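Several structures are given next for inspection.
Across the two complexes that follow, chain A remains constant while its partner is chain B and subsequently chain C.
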Partner chain A sequence: MSVTTETLSHEFDTTPFLRRLSVLDWLWALLVVAGTVAAHRLYSEWMDGYEVGILYGSAAALVWLGWGWKPMRGFSVAVALLSLAAIGLYGGELARGESNFFLKFLISSQSAIMWMSALYVMATVTYIFALIAGSGFSGKVASAMTWSASVMGSVGLMVRWRESYLMGADIGHIPVSNLYEVFILFAVMTALLYLTYERRYNNRAIGAFVLTVISAAVGFILWYAFEREAHHIQPLVPALQSYWMKIHVPANFVGYGAFALAAMLGVAYLLMERRPDGLLARRLPTLEVLDDIMYKAIALGFAFFTVATVLGAMWAAEAWGGYWSWDPKETWALIVWLNYAAWLHLRLTKGWRGKPLAWWAIVGLFVTLFAFVGVNMFLSGLHSYGSL
Partner chain B sequence: MSQTEKTGRRQRRSGAVLLEFLGSMNLAITLLVAIAIASVVGTVLQQNEPYNNYIMKFGPFWFEVFKSLGLFDIYAAPWFLLLLGFLLISTSVCVYRNTPAIIRDMRHFRLGVQEKSLRAFHHRDEWRSPDPAAPLADTLAKRLRRHGYRVRHRQFEGYQMVAAMRGGTSRLGYILSHLSIVVICIGGLLDGNLPLRLAEWRGELKVETRDLAVSQIPPESTLGTDNSSFRGSVTIPEGSRADFVFLGMRDGYLLQKLPFTVALEAFRIEHYPSGMPKSFESDLVIIDEARGEPLRKTIAVNHPWVYKGYAIYQSSFSDGGSRLQLQAWPLDRPATEPLRIDAVVNESSRLSTPRGEYGLEIIDFKPFNVFPVEEAGSKKFNNYGPSVVFKLRAANGEAREYVNYQMPLMVEGRPFLLSGMRATPAEEYRYLHIPLDSDGGIKRFLRFLALAQEKGRISQVAHQQALNELGLTEADPLYRDFTSSMSSLVGLFVEHGIDALVELAEKNVPEEKRNEALSSYIKVVQGVLGTLYVELLREEGVDVAAGIDEQQALYFDEVLNAFSLLGPYGSPLLLRLQQYEHVEASGLQITRAPGQNIVYLGCVMLMAGVFFMFYLHHRRLWLRIEEREGQTHILFAAAAHRERGDFDSEFARLRGDLRHSSSAVLSRI
Partner chain C sequence: MAIDDSRLTPPATPQQGPLARLIHLLSSMPVAVFLLCTVALASMIGTILVQNREEDFYIANLGPTWYKILDALDFFNMYDSWWFLAIMTLLVLSVSAALLRHGPRFWHMSRPLRVMRPWPKKSDGGFSLTSPLASDPDATKALLRRLGFSEFQRGEEHGRPLLLARQGRFSKYGFFLVHGGVVLICVGGLITSQLGFRGVMNLPEQESDNRIYVSEGSSYRTLQLPFLVRNDDFDISFYKSGMPSEYSSQLTLHRDGQDILSKRITVNDPLRYQGVTFYQASFGDAGSAVEFAIRDLTSKGFPEQKIKSEVHKELEDGMGLKLTIKELRQHNVMNMAQEEGKSELRDVGPSLDIHFSSPSSGNITYRIYMSYPHMLAFGRTGDREMTYDDLGFNPADSVKMELLAAYLDELSKVEGERGPDQNRAAFAAAMTAMGLPLSRAAELGPAIANAEQVLRRHKLPMLFSFSGFEPKMYTGLQVARDPGSPLVWSACALLVIGLYMMIYMHEKRVWIRFDRERQQLEVCAVLSGKDKHPVNTTLERLRRELAAAPPIPSGK
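Entry: the complex of A and B
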């Protein structure tokens, strides 16, 4: 059988990456750069040299993300437009958050976060329904909800950032400074990571698992806001007033998000493995693929967690006078890191793939969870900013 | 075979076995997990606390056990260091054993691979083309280059070989990341205090546990300026200087000399409305004899000063010996004029009181105290003014800690002076609320207390009540019982508080009648003190003919509440701050870490290595092109290091592209 050359030729485009970009891609880059320059000019008063560097670095990362993962563009534009709308509606007065209809019910940070919470929970239910009923349409609805929830969560964080400056120029700070704020970051980060895999593997059944852990985080956020009133913006203690926070914390949460994702894949793996011809086996990718995604998530998490821990050490050297003090939070970061290093090595040794590694990934989530919540709750140390 | 040759071989063999063991993945995993678990212990058990705390927590037996295991300073315990050492060795061995092969693997294209091996590959394909072999090999090589592969092309006898590879850097990632562990450990070792521990072990160094003045710290607890790495702290009051820092070691410290002097010119702190510190900074001067000119710089949190490899950090602040002027009213003779006490924070002095000698230790002073208050649903912050924390130590060594607030606290619209007491720092403060006079003073309270302590006045009141209310005469046998028990009840209450009355009831009255008895005791006390209160008001010139007004009645209840707590309050004196001069001290951390840059280098290697390992994949391709029977046969094979799912699709794409470029005539032979 001869293979017609035409049918194949479109598949193996060897043009270099940059030339493969479309007009839209370049427009995207232009938009991000324009927005960044505008933000720089508008807010340069509040930024030091490092922060300007971080701003442009993030812009470059965003351009690159948008090129590599196209839905990121629509997502970012939506977040930007809604955040700008909120900033415009506030117009320099925090009190408008109570009087303006749109702010009060939609895009003030607290409202946006409530929308995020509701949408994530609804998405969870819908994913589970889609999984059980095998409904492709419900799956798409669930994805749309997850996207919307992530938009609202990101808007919530962006607007909260602005609100903190409206409270007082000396109070303003990026909203990754306490447990409440980072839990929102965690939910959004985990969801976005999941959405990349959903697209890449074209499978929505995993969503039922991953969104469950996000819903659990949402439960915590709601409890923390309503029981403990943790949603009030608090000023920063001197040690946190540093540009390091802007890179250390987000890097950490890529790690945490990826580890959470891997753990839920582990759960899916184990459930599917018990009934090789059950419902899950029909809906989920094969065990090999699950194992592969789990590996990729842990690798990604490990890489970012390594960076975050190194950045944390550098920050510690600047704030506390030593890059390593065996402070409980630091030590737990090391424990998490060692745990996943062991996981990665275990995967390379014979006979450990599959079930044991899935179990280990699940246990890893608890180790991670302790590092990120438990330490603040049970142990004291230099990192005692986010205590419950 | 001679004996020596045999043992030689055996040695080589056991050496190889040892290397194999040390470089084995299982050992690596075991070590990673073991270190993680040991680290958990160190976070659950608070490290480097005073030993007494541990003894209280675990009892003497477990204290000794834990101490001998090094659990109180786990990260410096020999067994923990041994674990780290093993990890270091294991990683080194691993790098040592794998590096040569990896470098070979990265450099060699393996042009010489046999056809048979290629056919055994999982990823392979074969097709035919009408094009002649040599130009086709060129075309395909070019094609692979455009896919980003590095390519080697060689002509062998009878066939062309094209070998290509890509992503070899990922193998470099292995070397970088694993070597980085070694580098980081070496850097950390340079900055650790292992040499000090060795010196201590050899007996050249002794950790000081006593609270000594700097000049009295013995030489065996003092480190010279030649110590190349340390991390110490020192508190310098404004206007003072220091040329040393303290290094905390387990339950004691060492004195580290500096080759220069640090002086604190000024300390500034700003606060948020909530009273939380917003920023604090120190104006420092370094006086270095080797330099001459003093150097000035302001440091703040997150903005240290690095001078000659010594980094100076702003880490905390505290009171630097504020000078306080206090007034003290002896509570046993409250009518007398108050004493004036001049005290300095962090110092102690002796006081003689009617209850004997007391030591007064001023622990802390704060110029203001801000607490949140709930007002009409919204949170506000109130400033309660200065506070003094102090300890009063009785002659028998027993001490209680007090905190006195300077400004009145409003409770339900009425002003009180607040003083908290606790017996140990582990307890919460219990507060004594002293009601204030209309002019904000405590004179009336003290006069009332003086009256209540006057035995004569109380007997007099008792006498009148016996005559007027019960109609008794002095000759009546009940009279004596009545008046004496009345006096003793009031005396008990004023001296020991309400608890004494409860105790009395418990001692004398059967259980079912106790409550009744207690309320009658209280009624008696209220009656007597009420009479005294009216007399006090009258003496003050208040017109009480028409009874007392509500405010005055409230005041009476408040005084009674305060009296009932005076017993447990336990202080012979009531102290009130009159004036102060605030002196702040800056807590500095000074470190010398020559290994820091090595550690950072290791960190960069680690980050780069990890990303290389995960995000670059080492892939190899081979094309064996041979002319046979007038046609060109192409054998295409590929291999990826640790194949991942993604390689299948890449292989499929490459195969399609290569076939297309070689005008393939048949899909498969």
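Entry: the complex of A and C
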């Protein structure tokens, strides 16, 4: 088994959780709380009670994430510093995005997103090279690129949030309101999910597969920006002006990201299973481990997708007067949910493993993809603001 | 000691009688997965085949034969059709059957650990190792407690101590919460659809009503509320781009002349009263008062007629000519930038769309701008875009319009070739006929000449000028009563909690045999459920902890 027990050692640490925390962990918590309180004091006039709740809830989640997954701390600090730098450089004037060197070429939202796109594609190529050449160093470079790309993507979204307010106080909104913005969220979310598994199983060969799907998303982002000019910030239609958007959309994209990850593990599984002595078999974890990560990703995705769908239903009840209207987007969410429910039944109750479930996870990605993009492209309905 | 593990995992209910057999069949995994996939596939149909449209739409798209077949099978309102409800019911029955079939066993398994169980015949893994803990079951128990085991039983086997520890006693509750949650959500949905309603109410400003229109397929039925709803005020604001940024209505509920409740509702902030909720859904024109003037270009002298009417009204002259007042827009935001790709938005003010139709001139839609009366904007049937032109002056300008009429009249008298000389002569004749001094020719001449060109280009039967309006909006309310929703939300909470328990909680049992003489510990573990992966982690952790345990102080 290429997964050594050493890499899993943190799982066997039996010291109580809170006593395991170092000074650094407490400093981290303090930093997040201080940042949150500062944000609350600065922007409280723009927030309603629910949004304040969401703010502190996300702070708690971030502290907990940073404790459980240490690299999250450095990542968040990098995102925060770069975003604050961009906000400082803008200083209340949108036009500086064109005149200031750092904004124009580095950290205005559109530049950051372009950096993210370039870095993800480079990371994909490097992961593939590392996989073929068996180069540990290249693998590390690829990881660093993936981290940097995720930082830039997150900075891009943060700064875009600010830019929307600079365009006009009534235009300002969280950048998860259209297909362009959520695709960036999708790329970052999938990458971060992958990075947790990379660290946990100390294996970078999976990266070649997962980053491929992220590169495909990047391709879409670029096409959408250059062909359709979708990168312009648009004001929100009244139906979307709600705190629900801040929780419904991100929860959905943890789900979509996890499903995409699971599907790529399925691809890795099937390729490796064909040639038990091939290159992949030497580099990837064992089939059992791949199968287990695939299960973990789908279980996590399913949990988040369920929460997201319930939140969506609650929002629909609040805005449209009914929690379920058989709107195409709702119906496809149900289809995705039923599909993975079937997957989980087959695995947990029927005891299926491996090949059929790997295929099913790949088909699942296409079902998910249709729910996520296809519905907006081909079908009409209440989610039409996400249309191409 | 007899080896018996039956208290923790009793055999599945034996099949007896048709009901038990039916439950067994419905809850079987192939049936469950088949139903999950069938519901998924069936729901797809309704997203591809547009639902609840009018008959003509389907006949035009599908042809009459397919229309008849699909309509007979309720495909155009499929989510309410008997067959879709039947599949859903089967799925709910299957989930319920699973609860009945596995419930007793899982319930049994979730009972506290009260008696010692013997070493299992079949385990999911184990190991043995030398450890000073072999002579100290109490210390081992403390260690296991630290690892998250909460229930313990001590026993003996051939004179040697035996320890059984268990964690995750409640993990099987996840099964009840998830499956019970799904059933309850569907029950809640059924309650909503049977006892609730969802309809629309379009309420003009300052008016009261209690009638709600509930859609049933492609028709409607009316419901009456026991109180009245009044729209005190409707308000709408716009982004710079002209897109609505927010709209809201001040609603007052009243009965027998007494106000009950008043609230301003916006799109994400409804009004609730006695289980009925009023949502801000849309808005529209409830017949705004408009004033405009018509110039009839087909009659001699281009006579003007002033009209006061309302949006959505139709005006007829009894000879086939019909005017329909289509739409009043208070804001028209246009991109005035000359360069392509740039944006320079400007609101050009109110406009009115009037649809004209007559046997001789066909159908024309005019858009008349209040602030730009000289602009002509119109589209004929089949035009993809509107045609814009500039008349040069307001059609309400009587002097110029009558002069133009006289000029055209004079021109029509010209025989043979028409040149600049003839034009000038016709214009002079028109001036004279109108009693205008020739000194104004330089001022009026170019304007009239241009207007004549414009009219000749477009051959319009009428010109309009828009002079005033008094907006009257209606607020579009979605009115719903949803008695099932509290159940649905509670069930959703159960579902989410249960899902977490099913995925991340496992029932694990560990047996430890203590061999004092050889300082040996023998460990084995059993994990309930088909996914045995978590047991490896537990065993590995346990092995490390036991191996790392310090030697027992000699005093003990």
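What to note about this one:
Basically, the second predicted complex is superposed on the first by the 369 of 388 C-alpha atoms of A that agree within 3 Å, B and C clash if a C-alpha of one lies under 4 Å from a C-alpha of the other, contacts with A are read in each partner's own complex, and residues count from 1 in each chain.
The rule is simple: a residue touches a chain if its C-beta (ideal position, glycine included) is under 8 Å from a C-beta of that chain, and two chains touch if they have at least 3 such contacts.
These numbers were taken from a predicted model, which means no experiment stands behind them.
With the two structures aligned on chain A, chain B clashes with chain C.
Legend: residue contacts after superposition of the two complexes on their common chain; A:G351 is shown touching chain C, with no touch to chain B.
Looking at the shared chain after the overlay, A:F101 reaches neither chain B nor chain C.
Remark: of the candidate stretches 43-51, 493-501 or 511-519 in chain B, the one overlapping chain C after superposition on chain A is 43-51. Under the contact criterion defined above, the residues of chain A that touch both chain B in one complex and chain C in the other are 5, 8, 11-12, 14, 170-171, 235, 237-239, 241-242, 244, 292, 295, 299-300, 302-303, 306-307, 310, 313-314, 317-324, 326, 328, 331-332, 334-335, 338-339, 341-342, 345-346, 348-349, 375, 379-380.
Those residues of chain C that touch chain A in the complex are listed here as 29, 32-33, 36-37, 39-40, 43-44, 46-48, 50-51, 79, 146-147, 189, 198, 239-241, 243-247, 266-268, 270, 277, 279, 281, 478-480, 482, 485, 488-489, 492, 495-496, 499-500, 502-503, 529-531, 533, 537, 540-541, 544-545. Considering their complex, residues 1-3, 5, 8-9, 11-12, 14, 170-171, 235, 237-239, 241-242, 244, 288-289, 292, 295, 299-300, 302-303, 306-307, 310, 313-314, 317-324, 326, 328, 331-332, 334-335, 338-339, 341-342, 345-346, 348-349, 375, 379-380 of chain A touch chain B. The touching residues of chain A, when paired with chain C in their complex, are 5, 8, 11-12, 14, 168, 170-171, 235-239, 241-242, 244, 292, 295, 299-300, 302-303, 306-307, 310, 313-314, 317-324, 326, 328, 331-332, 334-335, 338-339, 341-342, 345-351, 375, 379-380.
Of all residues in chain B, those touching chain A in their complex are 25-26, 28-29, 32-33, 35-36, 39-40, 42-44, 46-47, 75, 143, 146-147, 188, 231, 272, 274, 276-280, 300-304, 311, 313, 315, 589-591, 593, 596, 599-600, 603, 606-607, 610-611, 614-615, 642, 644-645, 653-654, 656-657, 659-660, 663-667.
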